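Just so it is clear, A, B, C and D label the chains in written order, and each chain counts residues from 1 on its own.
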Amino acid sequence: MELVQLLTPEGERFEHPDHPLETTPEELRGLYRDMLLTRRFDAEAVTLQRQGELGLWASLLGQEAAQIGSGRATCPDDYVFPCYREHGVAWTRGVDPLNLLGMYRGVNHGGWDPDANNFHLYTIVIGPPLLHAVGYAMGMAREGADSAVLAYFGDGASSQGDVAEAFTFATVNAAPVVFFCQNNQWAISTPTSHQTRAPIHRRSAGWGFPGIHVDGNDVLACLAVTRSALERARRGEGPTLIEAHTYRMGPHATSDEPRRYRDDSERQTWEAKDPLLRLRAHLEKHGHTDAAYFEDLAQEAEQLALRVREGVRAMPDPDPAAMFRHVYVDEHAQVSEEQREYEAFQATFVQEGPQ
Amino acid sequence: MRESRQVFEKMTMVGALNGALRDALDEDPKVVVQGEDIGRLGGVFRVTDGLQHRFGKDRVVDSPLAESGIVGTAIGLALRGFRPVVEIQFDGFVFPAFNQIVTQLAKMHARSLGKVRLPVVVRIPYGGGIGAIEHHSESPEAYFMHTAGLRVASPATADDAYWMLRQAIASDDPVIFLEPKRRYWDKCEVNLTTEPAPLHKARVVRPGRDLTLAAYGPSVKLCLAAAEAGAAEGRSLEVLDLRSLSPLDTDTVEWSVRRTRRMVVVHEAPVFVGAGAEIAARVQERCFYHLEAPVLRVGGFHAPYPPSRLEEEYLPGLDRVMHAVDQAFAS
Amino acid sequence: MELVQLLTPEGERFEHPDHPLETTPEELRGLYRDMLLTRRFDAEAVTLQRQGELGLWASLLGQEAAQIGSGRATCPDDYVFPCYREHGVAWTRGVDPLNLLGMYRGVNHGGWDPDANNFHLYTIVIGPPLLHAVGYAMGMAREGADSAVLAYFGDGASSQGDVAEAFTFATVNAAPVVFFCQNNQWAISTPTSHQTRAPIHRRSAGWGFPGIHVDGNDVLACLAVTRSALERARRGEGPTLIEAHTYRMGPHATSDEPRRYRDDSERQTWEAKDPLLRLRAHLEKHGHTDAAYFEDLAQEAEQLALRVREGVRAMPDPDPAAMFRHVYVDEHAQVSEEQREYEAFQATFVQEGPQ
Amino acid sequence: MRESRQVFEKMTMVGALNGALRDALDEDPKVVVQGEDIGRLGGVFRVTDGLQHRFGKDRVVDSPLAESGIVGTAIGLALRGFRPVVEIQFDGFVFPAFNQIVTQLAKMHARSLGKVRLPVVVRIPYGGGIGAIEHHSESPEAYFMHTAGLRVASPATADDAYWMLRQAIASDDPVIFLEPKRRYWDKCEVNLTTEPAPLHKARVVRPGRDLTLAAYGPSVKLCLAAAEAGAAEGRSLEVLDLRSLSPLDTDTVEWSVRRTRRMVVVHEAPVFVGAGAEIAARVQERCFYHLEAPVLRVGGFHAPYPPSRLEEEYLPGLDRVMHAVDQAFAS
């Protein structure tokens, strides 16, 4: 199957018969800004991890187009289910980047309000959220809502049984859901060829719903295919699978050492396909931007980085009592009992003064 | 609010559960029911009989054969504001859904710092005694008790079945609702107008002075029979129906044991790291100076549930309970 | 995709370019005999269940061709993983039918030696055995064995995540395994349309391996496609998925009441496609059989039924000590302790005499 | 047989486990290793470092990202006569494989009346204390202990890690092998020539007279520190390393408690229906008249494992252990 591409690595714009896309210069500048700010934020998080402010960070470097393009295709009433690397998607949903850092800092397991931006919590266990997405979409459909769900997963995740079950429940319920696979070629050290011998976008055919292969480093193509898939879902025509061909430029997470399992040369090949460079080339070629635009943006990026840096450092450690809170909505005798004992025990230290 | 309803007489537990689902579906449009074969067939035990006909295929959903999918989509529905009640066809088939239950259903409320609520009920017909093939007679409650974030409850009678299921559906926390399938066809009077007790409260179902028999679900009836037999031998055995397993109503247990000073816990699940272990551990912690004898446990062996021709040997029976009672008095 | 058929319901023989099959009259008579004896055995088990000799029975009525055809395609060194209804396959592997009754009678959970006939135990939990089959096939391949695995599953089972994972592990390991799906149109009360919106045989394309749709009531077609798929597997070319289009003529199991969820008319339609009738028509039309053949066979069937009936009635209840045996290969302190206590407790009754 | 080998000095637990796998792969061609990222990368903890290079991709297999598939195919390999050792990347990711483990791996030997053996080892780095994100610090042992058919063991030191893993691989039963990841980088002397003790035997790692501290895996070191602190306060605390959780070496536990008459059990897993519940229940059953105080439990709370900034509050620490010891003496 052909790879949907609307923008070449050199910044050349194409039209695609099945995925028409009209864009204003302002929109194009907006997409570039999204990608640049996301990248800057991500780089800042990597630095903060090195400085010990975060316990871990999973960088999205290289996947900005896949995430911004697909995320910008959503409407406010749509709902998004991420994995743990969808910082760009979170950005498009209006989630404060600071919120994304809490779990990587170790002060919470997520903890933002998913309903505030219709952006679900990051979920570490790979597989389950795809089914949550389908259930959510089934609920939307039952309510007759004019909206859809966008669910992200990785090339590695595609091997989990839950993903197949998600396809099954989505099709038999004609659920308004779009499955968006960022095939970034690696699942930690495991290449995609170890997960499947056929392209991932072909998977959906076996369930009778369409699969699309898109250039994941082309923000316009990602926007276009996701938008049409979401529209299809909202029309009640059921799910679509999108495979975005992209690359994880960095390590799996800050704890990882990619040199143990892949050549740097691979990364270099992909640098030529950088999602930001190609949109920048396009913007410049068509006179949509001037030097001031890029300067302002660079400044905005530094401000964002500063805000994030300061925000993270100011993040308080959680109150130990938080361990017991929210285990249940309503009182649970064992939790209350353990909390009482814990607090009584802590009180003995307070009485004795600091140790 | 339910004045117009009669007090039903002599209902089976299946009937009571069916009534509870029907009333919950009736009263709250957000309640949805899903599971394998629960629609036209009405479930393999007929607990959902007639519900799809009455409430439609959108609210009573025959799902594909995939338990992870059943629980996983229920979580998604709950995120959207629904109150799903799912059926796992038999105890032994809950394990494909275990990941969804343990890592997602149980933890999402805490993960979200309270922003997300998952009012999902997972109904599981459990326990043995019906002569079934492998995986149709197991008692998996200990796995769920050990998992923080879940509530676990099991009714012993039709009356409790009706009300406890209503309460479980009303709960904003996920509830693992264990239905003692060998009691499905037992009848008792169900009072449909008066809620008898909170979901998580244990109940003294037969008062006694000399020893406490603690049980839940299928084993309560057995303990009542044992108390009867004990009375014939001149022993006054108190029977506790724990009803709730997480939380455990330790207060009632403690209150009972402090009076009787002896205790035997009975369940069908293997005793090794089972519910009885927790009860024994708690009781000796809290009633150490009141106990005249160790807390004893009667339950399944550390072995897979046997072929049905052996299940009466495997399951705690009257003999084994009375033997434990004797031992408790011998101490 | 076209349905592979070599024998019409009227007994007309076709050739198929991709699935050539040469058969001698003797082989054809053998296949008919297999199907007839299996059907007779199955009917006897249903009767035995009604008489209370079995706790339950899952009848294969209507699926004889799918099972005998595929089972007869195996070689002795191949290995078979059944579900719980593969009585016909068991027959082709030389498993004594009596062995199949133990678990339905409640005297064991299976208990035959899988390695005696390379026929694995019946497995009640739906999904897991497909992965066992793949693992077994991976082992065969590692040993360089010239053999393959044949794994059965149902239309309902196709929804389990484990099936998808089996496809994944089979393809990335190029495991010599054939997945044989008996689509008998029902999973208890759930029609196949509630499991998938696309034909099951299409599922494999998403993993890059072939799927075949075969007339499951045509024993010759089932034999031919399974044989070629097994040969392909043995050549190291990896897995094949076969979907056999067939019908569960009876209830799901003896405890089931199909009238609650399906029309009798459906069954009548399928009666016209009866797998035995069509082979019988073919045999008679070509003079491969005479009246004596059918009479002898009927007598053999009655003898089989008699042997099964008597055998079941003579099956002893298991020794209670069997509960503790074989939980572990080696001693386990808790099991030993519980067994000691149990035996001491039992001994008190013996001393006191029968109660 | 291994005379040619030196006694290694000061090995980390990771090194010891790596050595055990290497030697097992060397000695038995039927041993195969599979898991996520265990090949080129050598596993996220480097336990399998260099093994794929040495033994090839057929024996040290990078699997797809699917735990049910990893365990399910391992069962199939075992049926074919292999001895698979699989790695689950982190404790929290064992649940997708739970169905395979509980309904298949644990039960197939019994199901087949002993005809089938499944010598599969499931290695799981478990427990907290490494500052990780959600699902990377859990202690799931109770689930496996409650499941008949599984053996469950956990080493506390590098020396035990080497030998216990060798013994687990040699076992004809399935073994859940729990590796205390916070002790992965602790070094100790590993004697590669002498098998120190059977897999399922508990060990007194510090003798004492006044109270028994029972622990396993990550908590043994903590209990040794507590015994040290206790000694400073004039209390002689005995420390038991249980090593095996199923079977539990009750004899050694009993033998210890009958002398010390007091006991505190420590583990990271939530105490509610945890390993400690079983130990407390057994000890009060068997040593009722020897106990001077109830058996106390120190462990995780009935709550999901918290964010890492709170883990020191959640995990049993020296303070909480000493507090329990004080309580046991206060009784």
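The rule we apply is simple: a contact is a pair of C-beta atoms (placed from the backbone, for glycine too) under 8 Å apart; a residue touches a chain by one contact, two chains touch by 3 or more.
Small disclaimer: the values here were computed from a predicted structure and weren't measured.
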*Name the chain pair with more contacting C-beta pairs, choosing from A-D and C-D.*
C-D
*Using mean Cα positions as chain centres, tell me which chain lies farthest from chain D.*
C
*Express in whole angstrom the distance between the two chain centres, defined as the mean CA positions of chain B and chain C.*
36
*Starting from the mean Cα coordinates of chain C and chain D, work out the distance between those two points in Å.*
40
*Which integer distance in Å separates the CA centroid of chain B from that of chain D?*
32
*Among the residues of chain A, which are close enough to touch at least two other chains?*
108-109, 125, 127, 159-162, 165, 168, 172, 194-196, 322, 327, 332, 334-335
*Multi-partner residues of chain B (each touching 2 or more other chains)*: 63-64, 66, 68-69, 92, 95-96, 99, 103, 107, 110-111, 134-135, 148-149, 246, 272, 301-304
_Residues of chain D that touch chain C when the two form their complex_ = 32, 58, 63-64, 66, 68-69, 71-82, 84, 99-100, 103-104, 107-117, 148-149, 151, 171-173, 200, 246-251
*What residues of chain A sit close enough to touch chain C in their complex?*
159-165, 168, 171-172, 193-198, 202-209
_Give the list of chain A residues in touch with chain D in this complex._
55-56, 102-109, 124-127, 156-157, 159-162, 187-190, 194-196, 255, 257, 260-261, 317-318, 320, 322-324, 327, 332, 334-335, 338-339, 342, 345, 348-349
*asked:* Give the list of chain A residues in touch with chain B in this complex.
replied: 108-115, 120-121, 123, 125, 127-128, 130-140, 142-143, 161-162, 165-166, 168-169, 172, 322, 325-330, 332-335, 337
*Mind listing the chain B positions that touch chain C in their complex?*
36-37, 39-42, 44, 62-66, 68-69, 92-93, 95-96, 131-136, 272, 301-304, 306-310, 313-314, 319-320, 323
